[in-house]
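For clarity, chains are labelled A, B, C and D in written order, and residue numbers in each chain start from 1.
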């Protein structure tokens, strides 16, 4: 029996249990909060065990992919509940779990209004993300893609900060609207396949063999591309992100930045690159241009922000530009770079959002001018912040550099001027990261005696795990790079790079 | 023996009806309207009686009897209403002030 | 005989005109009695003595007494007379009178199209009327009795209200 | 033996991790002891390595590949260390000088609350520097390259309570980061053309001629920019003087002895590559020569003791670049070594002096210090003599002499024939040597002689004195391992580097000139500032040229005007997301349009329905006339209807 469906459904069920437990316990708010929190932690632990089994257990499934699960869902439409796992999914699943632990350990404990519902939504979003990484039935993929959005929308609009409703609505409109485009593309692909073969199916592997005219395949690919580009986000459609990240509660920020953006990158690899390899190659110059624009634009705007969370949000746009650039270089190097960059960005930016969220929880402000030097009062928090800021500026030896370097290398093969331009993003990264460091961590002590406490040793050790992983990804990324290459379809793999864009 | 023609009686009946009708239309006092109505009923009765005589049929007088009963009932009810209105503070018995029938 | 018919007919019309133009209610009632008596004469001339008798007894007798009683109860006086004068302006009765005139003209015109015929009005006795009444029209008699009962009840009901409001 | 290489890196790293995790929990003494002992062990390792290296056959460099870093289809990089003569020299310098500076810093920093952070960063720096010099892979080198940058940033901004310090730290990091980005470009060029950044792979590819000349030029240019930024040469020279905001041991270790020489190390490492690109070589030499003069002139008018030393560092690094540019990288590395000794000594002595003078850094407020602190005076004199290149008795003389005498006969293939570029550069270097002697002697005369102005207090602890003594010894006698042929045929150093050096072409007069110029400088300085009634108490600070020189020739202001302010302004201008507004604007426009349509529709509908309602209303009113509840009217209407019916009946 494959553990994949359990992996997907466990968080949702666990979340429901947490909610019910919270609803049924009427003894008091604090204990109720604890109950749902504890159940969430248990669910995550169970999920980890499952993932360990999946990773190291015996795979009965033979083939290039690691694991497979499929039962019919709506047979009349050719829809099935089909999950497949390859190295890419597996590494992103690990990232999901690794990031959700700090979220729960550091952030969601603070939630005291309706904690049960919060944990339920948190876990539901996690289900959506996990499922998105695994689903190979296009309908199921779309379903889980949307499932991811709704809890996140509620999380932002119910537990967010001052301007949460606008941010949540903007987030929802952008992602939902682009999701509908993807649905259209899916339907287009399925109908085209049906016309050709008289087989109605949403199966990813079958659909990959559909013969498409170049125009049609470009249109369909663009539908997918726009959905993923909004999620990634790519520059002209990134508008939802700074607001959503800024207004979301800490745990949701981490989830958004650390994981949800990755679904965009994952989708681009899995669906744009592997379903439409030739079209993606033709489209690559545009996509790479957008990626470079994202890198520079995000970094530039990040230099101008005074709001910590906004600064980090714009820096994520910059980092995700590298992912986009790497994916569309058309070489394995670029792809591996993009994947490493996704993982490293998930860890570093997730941690930065955790830290920024902790600062906001303690000081009730995100304005860097008002936060002032924290080193004297909270050395642990500040050193963690410094560490992740340095990681995010692309210091060699951290995962971000590995990703960025591989992407740059692949880009240099394609177009050296673009790559040289992109390195300017590294300088801007230094500027915004150190600006942040010198505004809030290593800065003159501004706030008079703070009642709030520094991170405890336990919390620091949680962050320490992230630090270790980030450094490991930086100095020894080879296992991850080998593992995380997407398994090829039988038809076309994004192998040796084309020489377009010269 | 009959001294007059049927047409003449019809003419008389018409005139009488018209006069009664005019009375209903021009008087605002309910009492007078009631009297005018009686005139109109009598015009109708005259017509029935004349027709009965013309065709020598008793039905005309039977109808007269019915109209008589009708007139009695009408008058009784109408007068009762007039009295009620008078008692309720509308001593002028003005037909135009009561507009309860208005749609 | 012809003279009598003409006289009674014109008296009827005259009385009716007087009824609708009087300002004092009692005068109008008296003129109405005159009209009814003249009409009874016409009935008699038409060979319907039973109807003539009933007209005098019930109409001129019973109903008119009812009117007189009511007028007495209304306790009308000089202001009412003035008001009636006020209400009987030509501007007010001009329109209705015109309408009535048109109707009258039309009736006359339509009567004039009827063929001229001379009739012999043979009298119908009370017996004929009675036979007819309790023969084919017995159901109508019952209906009329219902009608009278309804009128009685209604009048009583309205009058009772009046009593209570006192 | 090869396991010593990772150990060498690991010891300081472990100490850094230990210090960071236990910050605030252990005493300052322990912190200093842990850091110094870690570096000391490293130094021991490097000495053992050096012994082993010298005794074994020098042809086989020690190598160790720790693990694969990234291997893709078209590129591979490893975490790999290798020991060759240059890196052996560098690790000796880094660990030994580093150890002495750490020893010194134990007492120097013991009062600081952030001592754990200080020593953590220092040891982290040492380990990064060791990675930089040891790695056999250029990408691995880049880890150390950026690592020393971030440590430098953290240490310059050590006293973060003063925003000027953190600003200086950021400035240093940004400027070096620009160079790093350029260097990354250079690495990318090499990586794309050779598929690997292993030094020997790159050099093999170079020897095989598989790299296109343009590519090579571009790569060398980019790498040169990286080196220039790291070593604070023109046009990146402005960050180093500001970097003196950090604690003095930091200035000594990072901004004098080791990190700033990383650029020289890089080019020396890749000297074969650079030698293949004459254009870049010439550029390097010219930039170096210009930097020598510019920085020396600036140093001549500074009044802050540490800034004098900082500008002096830039000037000396200029010598090294000049040497690299003329192809005599051995001389550059030799000067690098001696410079590390005497500049560290100077900085540490200056730090001790400043500490005893209650943080007074202005040389014109000092004076007559030889009376109150003779030991420090002796140490400073040793350093100053080495810096000035006092003939025969100082290490600085030998290394500088080696550079000077080689430049004369250097050959620049790209230079125009009528322009004796080598001779011009030699003249500039000679002028630089004169100026060096002049400014350091000025400093010595003003600070240590003449009337006393500020009272000194306390005494220099022994733990601080020992490193000073060691460094004095090194800076006086560290240069005897390599001598001009004119003096003695001792070529230990170049033999050690296993690259024979053409001393034969050195005429005697060249050596004599090189030896006499520093003496001339000292004499003139004595005339100007040293006598009882000095000719110039102070170089007049009023004239424009002096003021400009004092400010580093306006480079700061120029950059501020050209880059910093425009950047700030543009960033400020675009602080709001334009696209955000754009998309919001589209949204608003859509809303406005839809609102417009809605109002238009509503209005037309309102108009229409209004009319209809009016019509209906009038009809209603008309009908209401009939329904006015007046019995007589009803009757009248009945009559009217009757009339109409009769008319129709009659007419038809």
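Keep in mind that, in the parts below, a contact is a pair of C-beta atoms (placed from the backbone, for glycine too) under 8 Å apart; a residue touches a chain by one contact, two chains touch by 3 or more.
Quick caveat: nothing in here was measured; it's all calculated off a predicted structure.
The chains touching subunit B as well as subunit D are C.
The chain pair with the larger count of C-beta pairs in contact, out of C-D and B-C, is B-C. The geometric centre of subunit C is 128 Å away from that of subunit D, both derived from CA atoms.
If each chain is reduced to the centroid of its CA atoms, subunit A and subunit B end up 97 Å from each other. With each centre defined as the average position of its C-alpha atoms, the distance from subunit B to subunit C rounds to 5 Å. Chain centres here are Cα means. That of subunit A falls 102 Å from that of subunit C.
Each of residues 96, 99-100, 103, 107 in subunit C touches at least two other chains. Multi-chain contact residues of subunit D (touching two or more other chains): 632, 636, 639.
Chain contact topology: the protein chains form a pattern that is neither a line, a ring, a star nor a complete graph.
Contact between chains, as defined at the top, is found for A-D, B-C, B-D, C-D. By the touch criterion stated above, subunit C contacts subunit B in their complex at residues 1-2, 4-5, 9, 12-13, 16-17, 19-20, 22, 25, 28-29, 32, 35-36, 39, 42-43, 45-48, 50-51, 54-55, 58-59, 62-63, 66-67, 70-71, 73-74, 80, 83-84, 87-88, 92-93, 96-97, 99-101, 103-104, 107-108, 111, 114, 116-122, 124, 128-129, 131-133, 137, 140, 144, 147-148, 150-152, 154-156, 158-159, 161-162, 165-166.
Listing the residues of subunit B that touch subunit C in their complex gives 1-12, 14-23, 25-29, 31-32, 34-36, 38-39, 42, 45-46, 49-50, 52-54, 56-62, 64-66, 68-77, 79-84, 86-88, 91-93. For subunit B in complex with subunit D, the touching residues are 21, 24-25, 28, 33, 95-96, 98-103. Against subunit D, in their complex, subunit C makes its touches with residues 95-96, 99-100, 102-103, 106-107, 109-110, 113.
Chain contact summary for the complex, subunit D toward subunit B: residues 623-624, 627-632, 634-636, 639.
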